[in-house]
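Just passing along the structure, written as C-alpha cells.
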Amino acid sequence: MTVIQKTIRLSPYPRGCHLITHKIVEQLPELATVQAGLLSVFIQHTSASLTINENADPDVRRDLDALLDSWAPESFRYVHQEEGLDDMPAHGKASLMGASVTIPVTNGRLALGIWQGVYLCEHRNHGGSRSLVLTLIGE
Amino acid sequence: MTVIQKTIRLSPYPRGCHLITHKIVEQLPELATVQAGLLSVFIQHTSASLTINENADPDVRRDLDALLDSWAPESFRYVHQEEGLDDMPAHGKASLMGASVTIPVTNGRLALGIWQGVYLCEHRNHGGSRSLVLTLIGE
Amino acid sequence: MTVIQKTIRLSPYPRGCHLITHKIVEQLPELATVQAGLLSVFIQHTSASLTINENADPDVRRDLDALLDSWAPESFRYVHQEEGLDDMPAHGKASLMGASVTIPVTNGRLALGIWQGVYLCEHRNHGGSRSLVLTLIGE
C-alpha cells in the first residue's frame, strides 16, 4: 500500500463547467503503478467545485451551468454580498456539487465509466487559478 | 493494510430512489475481514447516482425523487435534448447526488447509522443495468 | 500505511450551518503523525449533513441555510410527514449536501484551503446530539 499526493494548479477557467480529466491524468503518471486503489481530487476553494458528469456533448456542461444558476440565483435574498453578486451563489453551488470527487483506480487507470469525466465548475466570474490536491492510495 | 476491489452489476431499476445496501453487502463478504477502513461505492454512469438516506419509510424515497424532479424539471430550458426529455434532468440530478459514497467500515461491518442506507437513484425512465465499483481499503 | 478510526459525538446544534473544523482537529491528535493521507468524516444521520464551505463570514452560513430552505421547503408536497414538517425537508437537504467529506492530510494537518472549513448542517429544529465517524488513512 502506498500514498502519492501532490498539489496541482489549474490556469483560470471562465465561469462554467469544464472537463479536466486529462489535466489530472497528465499530472499523475504514478497512476500507472497502482493496480487497485482510490484517487481523491480535492479543490481548495469555496467558490468553485468538482463533480463527475458526461464527457461527450459540451451542451451538458452548458446546461448543468444553467441549472446551477437556477439553484443559486444572483437574485436570491443573500446577506453576504460584499464580495460581489456572484460570490454567495458560488458558495451555494460549491456545496451542491462538492469539494472533492473520489474515483476508483484499476490496473493503472481511473475506473471511470465510458461517458464519465471530471468537471471543474467555476462559479465566479473571475475565479483565477485553482488548486487541486490529488491523493492516490492503493497498491 | 489491504485493498479489495470489485465491480458489480445491478439489474435495471425503475426511475426513482432504491435501497441497495443489501446488494453491496451481499457481494462483499470481504467486509468481515476489515477491522477499520473505508468503503467507496462508485457508480460508472452519469444519469444515475448514489446517496445515503433513510432506510425505513419508503415514502422518504418517493419524496426524495419528487424533490429531484423539482430540482431538475423536464420543462427546464435545456440545450441537450436529443437523448430524450429525461436525459439532461438526469445529468443534473446525478451531480446533485454524486457518483460515489464513502462509508466507514468498523469491526467487519459498514458503520452506517441505524437509520442509514445506500440509495441508487435511477434518473432515467429506462436506465438499464448499472455498474458499481466497490473499493474497500483497510486493515 | 495506517488507519486510525474513532467516533465522536457533537453536542446538539440549533438548526443551521455550523463550523466544526476545530471539533474534528481537537479530537484527532493522530493527524500529526500522518505525512500524507486522507481523512473521511462521516455523519451517521439522515437529517443532518456535512459540507465544506467558507470559514470566515458567518453570513455565508446563514445564506447557505436560507438556500437549503429554498431547495427543500417545508411547503413542498411531501408524503412523509408524520415525523414533523421539518423532517422530510431535512432528508432532502441531507442528500444535497452529503453524509461525508473527504479531506487530504499533508504534513500532519488537514490540507484545507485557507478559506475552507467543515460545516455541520443541522436540518432539524431539534436534532439532538450527532455522531461522526472519523477515518484517517495515510502514512
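Each chain carries a letter (A, B and C) given by its place in the written order, and its residues are counted from 1.
Here is the rule we go by: contacts are C-beta pairs under 8 Å (C-beta built on N, C-alpha and C of every residue); 3 or more make two chains touch, one makes a residue touch a chain.
The model shown is predicted, which means the values in this text are computed figures rather than measured ones.
**Q** For the sequence-identical pair chain B and chain C, what is the superposition rotation angle on Cα atoms, to the nearest 5 degrees?
**A** Chain B sits rotated relative to chain C by 120 degrees.
**Q** Pick same or different for copies chain A and chain C, depending on whether their interface residues overlap by over half.
**A** Homomeric contact, different residues on each side for the most part.
**Q** List the centre-to-centre spacing of chain A and chain C in whole Å, with centres computed as mean CA coordinates.
**A** Measuring from centre to centre gives 20 Å for this pair.
**Q** Going by the touch rule set out above, which residues of chain B reach two or more other chains?
**A** Within chain B, the residues that touch at least two other chains are 1, 71, 96, 98, 102, 137.
**Q** Over in the complex, which chain A residues touch chain B? Could you list them?
**A** Result: residues 1, 36-38, 51-54, 57, 59-60, 62-64, 66-67, 70-71, 96-98, 101-104, 106, 111-116, 119, 137-139 of chain A touch chain B.
**Q** Looking at the complex, which residues from chain A come into contact with chain C?
**A** 1-5, 7, 40, 42-46, 71-72, 76-80, 88, 91-92, 94-96, 98-100, 102, 131, 133, 135, 137
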